[in-house]
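Letters A, B, C and D mark the chains in the order given here, with residues in each chain numbered from 1 onward.
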Amino acid sequence: MSRFEWPVRVYIEDTDAGGIVYYVNYLKYMERARTEFFRKFDSGGNYIADDKSMFVVHSLNSQYLKPAKLDDTLIATVKVIKYGKANISMEQNIYRQRDVDEQSTGSEIEAVGELLCRGEVKIACVDRRMIKPRRMPLELLAGLKDL
Amino acid sequence: MSRFEWPVRVYIEDTDAGGIVYYVNYLKYMERARTEFFRKFDSGGNYIADDKSMFVVHSLNSQYLKPAKLDDTLIATVKVIKYGKANISMEQNIYRQRDVDEQSTGSEIEAVGELLCRGEVKIACVDRRMIKPRRMPLELLAGLKDL
Amino acid sequence: MSRFEWPVRVYIEDTDAGGIVYYVNYLKYMERARTEFFRKFDSGGNYIADDKSMFVVHSLNSQYLKPAKLDDTLIATVKVIKYGKANISMEQNIYRQRDVDEQSTGSEIEAVGELLCRGEVKIACVDRRMIKPRRMPLELLAGLKDL
Amino acid sequence: MSRFEWPVRVYIEDTDAGGIVYYVNYLKYMERARTEFFRKFDSGGNYIADDKSMFVVHSLNSQYLKPAKLDDTLIATVKVIKYGKANISMEQNIYRQRDVDEQSTGSEIEAVGELLCRGEVKIACVDRRMIKPRRMPLELLAGLKDL
């Protein structure tokens, strides 16, 4: 199963007084990548949230290995690990993009850059009003099967 | 017309890589103060947003005089300048709270502390679905008259 | 070992278009509680970050059980599970505070309210410039021993 | 003097319980556009913030005309109005990008889309440690002259 990659630039809004990216913001980057990943299956709507249903985060775990800094270009990835009718588990990592003039060494990870943050996120589709589990849109389920 | 004051602590989430409070966060502090100011008139609901109507910011202007830093205790103020049936204009400032052991000199501003950010915010009551102007709740209007 | 509790009010800044608290913001609430927990051991400084060292998040995992909503009063908790010379592991949960007029039933959890989010966070003390592991301040270490 | 334009996608992190973009986030979008505008003059560094100096917001005023919603593609603009040795005043607007299949009518504004937020921002270059005014980097000043 292939991996989806989404580039993210670090702006001053993302940093904290430690001079590095505020750690909760990596989770925002991961969600941007999920949103763009879902957009691929989408025929005009938005699978993250529509009038009837939306995805909420069920659980997550993450390890912070190295800090990102102002102005870095990062890559947020999405790889579906497992899914059911109402939930999807994804591996989501954040890499610092290697400079274009750095020599590539060919391994998959190094092709993207230095691993900064490793994450695993399980999201659940819920009814928008009741916030109760609900089957995800069929087109999305079909899209996941085709991966 | 008296002025409402609301204390705010600066946490790491509020700062940026400049080592100071990220400037847009002062606007969040101002909104917290508005929310708490409104709560005073409230008999169990929330005037900032309920099922039918909500307040949105119509316009604002602000001047940043001195930076706040991690761990500072700030005071966000609310003073109603003008209001109509569907909008309210407020002066909203941010002060750094003086240390309890600093000698007070008696003027109004110094009683609060050092002025960091001066703001003027006009908010408008809108219909929640249409995002069109709508008269604010009568209890709130009555509360403003009584100020 | 006793548990530290810190109250948090939900403002409009904390919510998202789902009408609930944006899930990454629970992590901000947990950090506010950690900061206040540390302040107890502190003789005038700030253990979260000073000129030489700061704590960064090493890893976290969290489960989202029920959503918090605008205007809720939450309780963020801190309970130290384990610590070394340069890191601390804590259980950190978020509860919705029970209304004062709800009848208390006596169990520990119900005394606080409904559990919304369960978290476990490991933080590491690092050198501020090098972002390399560094022993935490001795007063803090002593404070943890006394818990 | 020409206008710089920078595209911004609205993600769930940007919205609030009103179902629209949280108004302070427009200011983040404006800053992203300023950062990218500055990058054009830049020979490898970052004019927004380097080791010695950084830009801080001196003052701003903004009017919110129409709300942006989840998934909108916005355009944040930068147009320098005036500058001195240590400060720059810019007009910064936010537009909702017109759909590619909407018919263009040719006027400048309509070529971008619907105006949602109008802003004017004055930024000042300061010494990073002292947070005191400081002349901006000469290359940037030269770049502004060439506009």
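The rule we apply is simple: contacts are C-beta pairs under 8 Å (C-beta built on N, C-alpha and C of every residue); 3 or more make two chains touch, one makes a residue touch a chain.
Note that the structure is a prediction, hence the values are computed from the model and not measured.
Considering every other chain in turn, the ones in contact with both chain A and chain D prove to be B, C.
Note: the chain lying farthest from chain B is A, by mean C-alpha position.
Work out the mean CA point of chain C and of chain D, and you get 35 Å between them.
With centres defined as mean CA coordinates, chain C is found 24 Å away from chain A. Computed centre separation for the pair chain B/chain C is 26 angstrom, with centres defined by C-alpha atoms.
Along chain D, residues 12-13, 17-20, 24, 28, 31, 49, 70 each make contact with two or more other chains.
Remark: chain A residues 9, 11-13, 28, 31-32, 35, 46, 48-49, 70-71 touch chain D in the complex. Taken together, the chain B residues at the contact with chain D in this complex read 17-20, 23-25, 27-28, 31, 49, 54, 56-64, 66-67, 128, 131. By the touch criterion stated above, chain A contacts chain B in their complex at residues 12-13, 15-20, 22, 24, 69-70.
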